[in-house]
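Contents: one structure, followed by commentary.
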């Protein structure tokens, strides 16, 4: 499982991956998008669906990036990047924003990951060799959101991110519902990791080869996202 | 200490009593006025002082009663009576209103009482023979306000309300700073009850005769309200 | 497309089941969702636990559910008023259990329910009859009670204006318990004077963000704000 | 007559003592009270405990107090950014203690400080490194941590507009930590773009009521809202 150029070229592009995630976000859902790759999801919401995006610094109704020159330092997302507000959006304080998150009011959080275990444990806030961790809202979002979706590259520098047990510090245990990578969509269930869907041209064996935990496949592999177990 | 008409006629009238309380409220204070007699204080704030009145149902800047015909059922005080809002006033929810109270942000609460003990214990929410208590915000105000002032008749139906120990259910122990009655202004201190001021024509002995706890008098009886011990 | 509007109060509350916990906003008559409560008296769900600050202040509030024998338990701070007699009677005969909670503790317990806090400490009611039997703990400020979150299966609230997404603004002291109760229920139903298009409410002025509101009912006539004064 | 306005940031913060606990609003550069922080670097108070969400995102924030050796302890959720190096260095040499707190727990602890709640339970950070050594308790929802309130001697906040009483409104996501920090300090100082007469702010739109604000400083020039973007 060493670095393999070929492996990084097959499967979904970043934008295709974001689109695949967006496909599972339902009309009327309130969704938080994490910093990095998950942010792309905002740009690929399917036509006609009203998905209300939440940003933990205190807004609902996050819209697309502003035109150049239209940026406002007081209208930013959780990554401190300039954004816009959609009609119907609202502003509130961080304490209200996290009351919303922690009170179980968001339908889904789409987050990045350093590691995720076969039990749905997530490690995303501190690398073992980093001088400082940076937790931000990650622990609150994983504990509070009705569903936690990961949106990430399947491997990091050729090393699998999906593992039997996380070796990095945990963000939260048993919190991930579904993993979207450039190679596959994988459900985390009590019976283990189930491959729900493969990216075009990717085989089950190939995904297993890129994963450091056992994968399973359902008889019927096209389970709809709506049937996912909801925590709250 | 049986019913004595004479006792009820001497001392301050209700409005004079309210004025005496108002005299001790300082410019810039945030003050909650309880239901009943304390409500009168709103009408007798000394000219030139900005006292911002708080109402626990969710407003700061309570103003005088509206003109007849100008009442709004959605602009009421804690007694559910129509009121007005002064310029500079604000509206907020009950949870924010009580966060304000319980967080120690009000300079004073002026409350009524059934009984108050020489230790500053207050009983104000339930009479022994009432079918139900009615606590409302009384316990929060007594625990949360920086100063608790009582504004009350010295006796109830000829029976002293200031006692050695309360026999009625407590609102809170050790919470009252100063008692204003139709007969006197009395400070509650660690060393006991001190008569701070007597209503015109009322003697110390007379007040003591109307009080079921020992009263003391300071060498210098005109201690200013500002020197009162503040809880927070 | 998000559509939270229901045709009538009756339809909005139709699925409310026996035994549900119901948060009812309002402070006396102000901000009281009286049409939703009225619809529930007709719908007839029984054995309800009702959480509301005032019981008995006005006739068409929780008092109507009590006299209609739909209530098993009341959690409130102020069970007194011209329409409290039926409550007193039912407490005496044991058909209703009453839990009196200090108003600030009530508000904070509901806020905790909405904010994912299962329990918190407060000095309010320590050393009093209302604190009896509760778990206590000393902090440097003194004795505190452990108080638990309150959540509702439903919240009935009232607001002045909603947009299609469910953002709400209120009229003056109509806010009272409505914004906090909106956060603490599985299904929050708001009766409002008007529903406007998304974007018509200034985002800086929204008090209850859309995430907390699941169903909307528009009142047919604008309420007369003086009807309930001094009842 | 109520008058909370100070002539300058320097005068407003003059009495801040060594060893004080200071809450600093803002989320990166947005809503950061940078003039108050700047005045404090000149005033020179030392051994500060500073509570702020981001450390190192912008130069004229808490990073300036750190490089000026005025800070003994940092409580934050996100100590990372282009100006975090001096913090890392001082943590390594032991001159600064760092407490990393999940962002929501940080906000809730500050809210608790303002609301008279000494401690509350939360599931956030249970079973993680950040929960190690904390008191835990099982609720039916799972394992929870006991978290304690944070209060400040001072809060430095930023808002768009104030009136003479100290009522505040904010501009968009400038709100972030400012309204909650305003509630949790003995002395809350707000730097604002403008101060208007009492009554000029619609009472329905006030975000921070006057009771929470003790001192006001008006910025001389309206800030350029684009200065800090993408620093």
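Worth pointing out:
For clarity, chains are labelled A, B, C and D in written order, and residue numbers in each chain start from 1.
The working rule: a contact is a pair of C-beta atoms (placed from the backbone, for glycine too) under 8 Å apart; a residue touches a chain by one contact, two chains touch by 3 or more.
Model, not experiment: these values are computed from the prediction.
Least step count on the touch graph, chain A to chain B: 2. A straight line joining the Cα centres of chain B and chain C is 29 Å long. If you average the CA atoms of chain B and of chain D, the two centres end up 35 Å from each other.
Inter-chain centre distance (chain C to chain D, centres taken as mean C-alpha positions): 33 Å.
Under the contact definition stated at the top, the residues of chain B that touch 2 or more other chains are 85, 91-92, 98-99, 101-102, 143-144. For chain D, residues touching at least two other chains, in rising order: 108, 111, 115-117, 122-123, 170, 172, 204.
Those chain pairs judged to touch are A-C, A-D, B-C, B-D, C-D.
On the chain B side of its complex with chain C, the touching residues are 55-59, 71-76, 80-82, 85, 91-95, 97-99, 101-102, 126, 131-140, 143-144, 169-173.
The residues of chain D lying in touch with chain A in their complex are 27-31, 53, 57, 77-80, 84, 87-88, 91-92, 98, 100-105, 107-108, 110-111, 122-130, 170-180, 207, 225-230. Here chain B touches chain D in the complex through residues 27-28, 30, 48, 50, 52, 54, 60-61, 85, 87-92, 98-106, 143-144, going by the rule given at the top.
Touching chain B in their complex are the following residues of chain D: 1-2, 111, 113-117, 163-165, 167, 183-184, 198-199, 203-204, 206, 209-212.
Those residues of chain C lying in contact with chain D across their complex are 108, 112, 115-123, 139, 141, 144, 169-170, 172, 202, 204-205.
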